[in-house]
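The letters A, B, C and D name the chains in turn, as written, and every chain counts its residues from 1.
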Amino acid sequence: MNHRSLDVSALPSYRYGHHSLMWWGMMGMIAVEGMAFALSIAAYLFLRSQSQEWPLGVPPPDLLWGTLNVGILLASMLPNHWTKRAAEQGHEHRMRIGLVICALFGFALIAVRVLEFGTLNCRWDSNAYGSIVWLILALHTVHLATDVYDTLVLAVLFFTGPLEGRRHVDVAENALYWYFVVYSWIPIYLVIYWVPRLPS
Amino acid sequence: MRLAALLLLVLAAGCEREARQFQVPPAQAKSLKPGYANNERNAYAMSQGKTLFRWFNCNGCHAGGGGGMGPPLMSDAWRYGNTPDDIYKSIMDGRPNGMPSFRGRIAEEQAWQLVAYVRSMSGYARQDAAPGRADALYPGDPENRRDTRN
Amino acid sequence: MLDAAGPQAARVLDLWWLTLAICLLVFFGVLLFCGLALWRAPKTQGPAAPDLASLSMAERGPRAAVAVAVAASTGLLFVLIIASFVADRALANMGPPDLKIELTGHRWWWEARYDASDPSKTFATANELHIPVGRTVLLELKADDVIHSFWVPNLAGKKDLIPGRTATLSLRADRAGTYRGQCAEFCGVQHAKMALLVTAMPQDEYDKWAAAQRESAPEPADKQQARGLELFVNGTCAMCHAIQGTPAHGRRAPDLTHLASRRTLAAGTLPNTRGHLAGWILDPQGIKPGVNMPANPMPPEDLDALLAYLEALK
Amino acid sequence: MNPLLEKTWSDPPGVSGFFSAIDHKTIGLRYLVTAFGFFVAAGLLAALMRMQLSRPENTLVGPDLYNQLFTMHGTTMMFLFAVPVMQGMAIYLLPLMLGSRSVAFPRMTAFSYWIYLFGGLMLYVAFFLNIGPDAGWFSYVPLAGPEYSPGKRVDFWAQTITFSELSGLLAAVTVIATVLKLRAPGMTLARMPLFVWAMLVTAFMILFAMPAVMLASTALILDRLVGTHFYNPAEGGDAVLWQHLFWFFGHPEVYFIFIPGLAFMSTIIPTFSRRPMFGYPAMVLALIATAFLAFGLWVHHMFAAHLPELGKSFFTAASMLIAIPTAIQIFCWIATMWKGRLWLATPMLFSLAFFFVLVAGGLTGIMVASVPLDFQLHDTYFVVAHLHYVLIGGAVFPLFGAWYYWWPKFTGRMLSERLGKWQFWLFFIGFEVAFYPMHHLGLQGMPRRVYTYPADLGWDGLNMLSSLGAVVIASSMLLFVANCMLSLRRAAPCPENPWGAGTLEWATASPPRAYNFDAIPIVRARDPLWEASREPPSEPDHVVGLAEKVREALVTTAVEAMPDHRATFPNPSVWPFISAVAVTVLFVGSIFTPWAVVWASLPVAIAVTLWFWPRHKETVEHLAIEKRP
């Protein structure tokens, strides 16, 4: 080691948030999927602008389950935030509890989501309106399911090990992704349930 | 492995499904009967059949296969039989009370295309070859979503 | 496109020459400076030591030069943008139409319906348009199956025919003549053989032509033609083709009421002669593979009769 | 040579090692070789088309096959060659240019390669089984819809899109994370090589453009398979929706093929002018401006589809204004050469062709950007000429230059200058002969995508000429392959930095060791190797203190590139490959039944989970050197 060297051995092995590579990877994915949501909503509005009546020949979706899902998603942000904090403090026991709670919320959401498809008052193949509504809802459901599965895997990992510090970062990033799932649902909810109720 | 298996499957299916035979091979010029069998595995033949079904206004009586003045073609009940030969005969020679004879008015290969399409309406055709939905009003499940019965 | 026969095409042509001039100027300008740089800069073989002078002192001269070049090209660009806007506006307003034609694209032929205030005066033809010279013609463009695009370079630019929508294009021919057009949007197997001819003729000739087209088909002149008509009506033809004044009313293929008056067969695929017509009837798939017309094998005497009748449809 | 590091960072040997390789250099080269393979394949298809068109009323290939040929040609060139080859270059070169040991997500990079390979193979297997797509690389509905494209041909096209977009998106995410987090200490954004800037900009464009076409092609498959009505006007759908979604991706696509070309230019020209790039800040801003404008002009592909006038005017302006950033870069390159000492080696020749070819293509681009002119030129051979001038002039010529330039880095050997110059002139002349006449064909009214044309229209001569040009191009390609073969067989090893270039990738062995750098360098300039002498001798110039027994790399801050933390990197694994196989089963299966999405997602989930599941041994090693924040 000559005098022109810079010793980095003192640096930590992992850091949270935008310091970590994981965060950037996750942000990339969020950008891609956010774009996909934005475009499918744009397609929805484009099709709406092309037809006289909207929704096409069916009543707008019933509000009950979708609205309930908004509630559950918003509520799920609390345990999610709590888990994220625990992760950032490296509090493994709390992370275990948090992951389990988040997973339970996830199951509840998926269950309600199944009921939601029933309240759309149309099939995917009844007309273009049905097609786009099913597409948007299915797209969001895929993200929901993915993150729930992700949470489950992490939960199992945290109960069985082997663990190292950067897994805490994974938990934090998983929580970040969950925020995306929640925030993206708000505009989608408005489009699916309230745009059809607008006077066109 | 599974990929390879799947590709083999495609290999078996692909060729006959996708062939687009525009000209009638001289071998079959006399009678197309030997050729019809492929029609039910050939996407192009059945989509042509679907087009002709509309062009020759079969809907006029059979209303998109749902039935009307004429019997439904999507049901499993066949007054005059559901084999390709039966249907070919129904089209070419006509049937009592209403079904006119089209012999001499539509070309034989077109008749066999119609036969294959009519059978696809009740799901007798290969599902990966049967026509999808038309750019028209929704008449119920498209042919390629109707369960295969053979 | 380089030989404009109408105001639409002419305006585009003017814009074309302007754009071409400016682009050539820029092109050779860039090449000139690139060439000068190559010519004046000292050459070296192999990795000579890099010249890092630019790091310590700003290069005023080159910077100014680049700035000027960018400014100049930007200026020229705006000239083009404005010219393009102006031309576009001009194309948009052609004044009220003197004649309305509904043009429908099919795979792979063109169906033209000449409207008239008096519905009895409307008539249909296929793969050929006849228009009066110096009159504004409004085309209502529709598609029956997939997207096609109407394009007659000598007369006007393209307009897509999109299923579920109606487009309009108004054009005018200032010179008498026949102009070839072709489908310009890929529409399937026979996209290549979907041409149409636009014939511009003086008003009086046009009126004569239109009057003739409004007539229904002439009665068969002799027994052979009568036999031909019978074959047509009771054979496969009538399932898709129409001949006004006969029981044949198919709308799926070109209206043949005045077939003999047309220049081409099968959307510009063949010249309209007895021989080609015979070949077309017997084996269309050999000539235009994938076309929706089936082969019609028939004994020679029948073919002669059919041809005799069709040839008489002036 | 550091044997311990070599051992730590090498991919395992043997067959299993082949499938579990994650070294960015290995993956990068696989990308390049595979992409070149598809380039040749698509070139052969084009040759066949030129043969068909060389004479009027030719019957060499029928319409059905011809339509498959041009669809395959376009799809291959755009999705299986142009984008992947650029990403391959980025994956191989970025860590070396940035002074890093690896790309950000090596396993994901391997996965994206396998997905790309399987997608491409699927398309060609389909083609040879007569399931080749035949609705054009743009697959306009309703022609590509269920009623007018029977069978599975278009479904295979749409699924190829899904494959290549998935792989492209993952690679883009990797590039972004690599560039922003794995730069050597001191390489602030303002010191990044223009190559890196261009690749970063491209990656961001991919991120925002590709989802559009994935959405569109998914909707298309649904229309065809389960009878949805996205594009069915009778049920409230709209054919123009497809065109909007497709071109919202399709136009930026051109730019993420073109911008890497600029990256090669901005690397080669300074090196062979023996001076730093002129106007670096302007160049960077121009790149960013191009990226933004590229999203504002997709509609100029749809002028003939009768849209509102005002909209068209806006898109005309945008389409023309995008010429300005390109002009800025062109003038900066000229200024660089003007003030430099020129070394006209083969890479430089290919770059100089850019000024001739791309500039011409750009100007014809300005012509078709004008609504009235586009009405006449759209979908004619004029546009065929234009797009080949832009893509070949803007991407392929620089790409060949880049190939000659970095070949010594890839192999440690030089390519023959003599053969190289021959290949250049053959390619250049062949290109002009093949594509210049198409301008005139277009002006004479010859539309695109026609499998034949009548004899009496006077199009024969120019078509024959163009076909002859294709022969010349083919010969230059043969020469190119021969040159590479000979170099691998015969050429003597070359010095580490044969071009005397200034960027970091030349600061290490050629070909580089598995671990890239003996010590991570510290950067203080845009051309570190050139300006090394100007550095204060007291300041540190390399990093120590990274683990050598474990894959550990230095992560720096996004803007200032200050040392941030030491991240452990994953070891080689076969699971990315297995996951790719599982995903392939899912995609291909869903061409035939929607249920494939359900049952095939199980193997995918399992494979991906095992991919991420930490191994006990590794964890122990990591814990041994772990420092908590």
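Everything below uses one rule, namely that contacts are C-beta pairs under 8 Å (C-beta built on N, C-alpha and C of every residue); 3 or more make two chains touch, one makes a residue touch a chain.
Model, not experiment: these values are computed from the prediction.
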| item | value |
| --- | --- |
| Starting at chain A, fewest touch steps before arriving at chain C | 2 |
| Chain A to chain B, fewest steps along touching chains | 1 |
| Between the pairs C-D and B-C, the one where more C-beta pairs touch | C-D |
| Separation of mean Cα positions, chain C and chain B [Å, integer] | 35 |
| For chain A paired with chain D, centre-to-centre distance based on mean C-alpha positions, whole Å | 31 |
| Chain centre separation (chain B, chain D; CA means) in Å | 44 |
| Residue list for chain D, restricted to those that touch at least two other chains | 64, 142, 147, 223, 226-227, 229, 232-235, 238 |
| Overlap residues in chain C, where contacts from two or more other chains coincide | 145, 163, 189, 289-290 |
| Junction residues of chain B - those touching two or more other chains | 20, 22, 133, 135, 138, 141-142 |
| Chain contact graph, described as a line, ring, star, complete graph or other shape | other |
| All pairs of touching chains, each written as two labels joined by a dash | A-B, A-D, B-C, B-D, C-D |
| Chain C residues within the chain D interface of the complex | 1-2, 9, 11-12, 15-16, 19-20, 23, 26-27, 30-31, 33-34, 36-38, 40-55, 59, 62-63, 65-66, 69-70, 73-74, 77, 80-81, 83-85, 87-88, 91-92, 107, 145-147, 149, 151, 153, 156-160, 162-165, 167, 180, 182-193, 268, 289-290 |
| Interface residues, chain D side, partner chain B - complex | 64, 118, 125-126, 129-131, 142, 145-147, 150-153, 223-227, 229, 231-235, 581, 584-585, 588-589, 592 |
| Contact set on chain C toward chain B in their complex | 145, 163, 189, 234-236, 238-240, 252, 283, 285-286, 289-290, 292, 294-297 |
| Complex contact set, residues of chain B against chain A | 133, 138, 141-142 |
| Residue ranges of chain A touching chain D (in the complex, touch as defined) | 1, 4-16, 18-21, 24-25, 28-29, 31-33, 35-36, 39-40, 43, 46-47, 50-51, 56, 90, 124-132, 134-135, 149, 153, 157, 161-167 |
